[in-house]
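What follows is a set of structures for review.
Look at the two complexes coming up: subunit A is in both, with subunit B in one and subunit C in the other.
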Partner chain A sequence: MSAIVDLILGVVTSIGGFVEVGSISTAAQAGSEFGFQLLWAIAAAGLMLAMLVEMSGRLAAVSRRSLAASVRERFGIHFQAVPLTAELLIDLLLLAAEIGGAAIAIKLLTGIGFQWWILPIGLCIWLVLWTCGFAAIEHGIGLFGLVTLSFVLAAWRLHPSPLDLGAGFVPSLPGHDAVRYAFLAVSILGATVSPYLLNFYSSGAVEEEMSEKELWVNRTTAYLGTAFGSVVSMGVLVTSAMVLQPRQIVVDSYEQAALMFVPAFGRWAITLFALALGIGCFGAAVELTINAGYVAAQVFGWSWGANKPRRDAARFTTAFTLVLLMSLAIAVIGFDPLRLTMISVALTVVVMPLLVLPFLVLMNDPKYVKDHTSGAIGNGFLAVLTIVGALLAIAVIPLEIMGG
Partner chain B sequence: MDLVRDVLDKKVSDRNGRDMGRADSIVLEIREGAPPRVAGIEIGPAVLGHRVRPVVGRWIAGLEHALGIDQGRPLRIAFGEILDVGDHVKVDRAFGETAAATVEQGLRRWVSSIPGAS
Partner chain C sequence: MRARFSSLVSATLIVALAGCSRQDERLRQHRKHFESLGATTAAIGEAWLAGSVSGTYTLTALDQTFRLVEQEQTALASKPNTLIDPRGAALSQAAEKLLRLLARLTEDVRSGDAGALRGHLAEIPIKPSESH
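Our next item is the complex of A and B:
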């Protein structure tokens, strides 16, 4: 019975916690510029995320170690230094972007400039982490995040043609601006498969003492939760494609993206969009912040855990506090949150091989996962998608920047 | 025992099971006319940084000196004090009595001063 409750809670949490600043901005831009044509990218990225999340839970359940701790032990600090630095830098940018996204959501509700909300949001993130244990953080974010289902409801109310939707799941070449199309495909991958999610998930599994007996719960939660979560991302893309593309509105700010809700929700459009954006971003910011503490503590072997009194894990607490302060500094400087998001998610794909390939090695090492090693098809799919994605990112990011 | 596989980078816990850090380096004693002998393990960010790049290790050591927390760091644990090598490296020390705890204890005073820390 407890396993069933865990499963339901896990799936609901995954749905509510799926959409954040990266997925909203990439899906909204993809829909407004290419209609349904990039739905396949969300599906492929969702499948990749589901596989990786399942693996990180399996690793934690069998080895009782998180991903960051396992990489340190298996490959040593000399190897880990580069991907670790890359991941922390990207997480810092992404955290600043999430805080910016949440601040813009409050601006949409109040009309007061978003910069004024950055420090109060930072304080709220810190208070959540100071006062809550892991389950409250994870499930609280997921339950409040169910407001993001309004993207699916909006798409539903617009009655998209099933045939057109189906065609979007078949990869096809665009009729215009191929570089931009490839850049958005890469960005969708980077926004969906955020590296922080993997360590956050495995750390959570360690905190909640997931055992080998619960591997089926882990597998079901990973695949069902990610599948339903991807549907929310697809809801963003479909709504954007049906509302913004015919009006030739290109999403270059979150304020413009909010217009996609007007036909579906009328006078509630801006409020609902702001709530979905704000709660999605705030939840992701909380997870990013605590994950920075997890990574630092696990790599250096400190005492850690959201379920421990903060005084018993002082370095862990200090680490996530410092990372939050650094991200607040970036956000306060006044970078445009949308641009910051797009930079972060595109760079994520560039460094992804450094993060995913060692993970694949771990998941085939019986010393860590005993007889629960990964299958050849899964390994091949993840390796190919990671490497192709990175090569594509390296090719299109400079072209995108040169093209403005 | 394979030192790199079984000891280096493994988590180190004290005799009471408290996390002390990781085996950031292994100290070998070079003896004339005899094979090297394992002297012990070291814990501390300066030796860890040194493994990444010697200059990083020097920066961290300089920072520890500037902050006045360099006494007894890095912590060296003699090979004879290692009790067990398994998932973790268990050593016959008490974390709170070693220099590995300097930063944790300093930060704990600060963290404890905030309501709700315990």
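Our next item is the complex of A and C:
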């Protein structure tokens, strides 16, 4: 019975916690510029995320170690220095973008400049992390995040053609702006498969003491939660494609993106959009912050855990506090949150091989996962998608920057 | 000698054509963004007139659109060649008009003057064409 409750709660919180600044901005831009044509990218990225999340849970349940701790142990600190630095840098940028996204959400409701909200939001994130345990953080964020289902409801109310939707799942070349199309496909991959999610999930599994007996719960939660979560991202893309593309509005700001809700929700449009954006970003910011603490503590062998009294994990607390402060500094400088998001998610794909390939090696090492090693098809799919994605990102990011 | 001359002419033509197509592409991108911002202005104004969005959001969104037009105009002016081109010069003028119009629309919303706003929305200088 408890496993069933865990499963339902896990799936629901996965849905609620799926959409954040990266998925909203990439899907909104993709929809406004290419209609349904990039739905396949969300589906492919969702499948990749589901496989990786399932693997990180399996690793934690069988080895009782998190991803970062396992990589540290298997490959040594000298090897891990590079992926660790890359992940922390990306997390810093992404955290700044999430805080910026939450601040813009409040700006949409109050009209007060987003920079004024950066520090109060930072303080709220820190207070949540100071006072809440892992379950409260994960489930609280996920349950509040269910407001993001409004993207699915909006798409439903707009009655998209099933045939057109189906065509979007077949990869096809665009009739215009091929570089931009490739950049958005790469960005969708980076926004969906955020590296922090993997270590956050495996650390959570260690904190919640997931055992080998619960591997089926892990598998079902990973695949169902990610599948439903991807549907929310697709809701953003479909709504944007149906409302903004016909008017030829290209999403350059969240204020423009908010207009996508007007035909579906009328007077409630901006409030719902702001809540979805704000809660999604705030939740992701909390997870990113605590994950920075997890990674630092696990790599350097410090005591860690959201469920531990803070005085028993002082260096873990200091690490996430420092990362939060650095991200607040980046956000306060006044970078455009939307551009910061697009840069961070595209860079994520560039560094992805550094993070995913060692993970694949671990998942084929019986010392860590006993007889629960990954299959050849899964290994091949993840390795190919990671490497092709990174090569494509290396090619299109400079072109996009020069073009922009 | 003749072969060298024709190679030189071909190379010059290729470089000139590449330059032209880059310029064309740059102008097309600027035009696309200005048209999008014109369409955004119309959508914000119409949503306010329909009572779908609050004055707070409308002012915030118009202000952000103003900033984006300014940024795009600066980007357009950053390449002198673009401004020499008549299409670039026309875009720059349209952007200037759009900025002034956005300022008027902001005033209309502040004063709650729906009639004036409706009139000003009809004057948006750059909007997406049907041919796209």
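Assume the second predicted complex is superposed on the first by the 404 of 404 C-alpha atoms of A that agree within 3 Å, B and C clash if a C-alpha of one lies under 4 Å from a C-alpha of the other, contacts with A are read in each partner's own complex, and residues count from 1 in each chain.
In the analysis below, a residue touches a chain if its C-beta (ideal position, glycine included) is under 8 Å from a C-beta of that chain, and two chains touch if they have at least 3 such contacts.
Keep in mind the model is a prediction, meaning the values are calculated, not measured.
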For A:208, select first, second, both or neither according to whether it touches subunit B, subunit C, the two together, or no partner.
neither
Could you tell me if A:270 is touching subunit B, subunit C, both of them or neither one (first, second, both, neither)?
second
Quick check on the superposed pair: does A:69 touch subunit B, subunit C, both, or neither? Answer first, second, both or neither.
first
Could you say whether A:81 touches subunit B, subunit C, both of them, or neither, answering first, second, both or neither?
first
Classify the contacts of A:131 with the two partner chains as first (subunit B alone), second (subunit C alone), both, or neither.
first
Touched partner set for A:255, first subunit B, second subunit C, both or neither
second
Does subunit B (first) or subunit C (second) touch A:164, or do both, or does neither?
neither
Residue set of subunit B touching subunit A in the complex reads 4, 8-12, 18-22, 24, 43, 45, 48, 51-52, 87, 103-105, 107-108, 110-112, 114, 116-118
What part of subunit C is in contact with subunit A in the complex they form?
29, 32-33, 35-37, 39-40, 42-44, 47, 51-54, 56-57, 59-61, 64-65, 68, 128, 132
Where on subunit A does subunit C make contact in their complex?
107-111, 247-250, 252-253, 255-256, 258-259, 262, 266-267, 269-270, 403
Note which residues of subunit A are touching subunit B in the complex, please.
64, 69, 72-73, 76-78, 81, 130-131, 299-303, 309-312, 314-315, 317-318
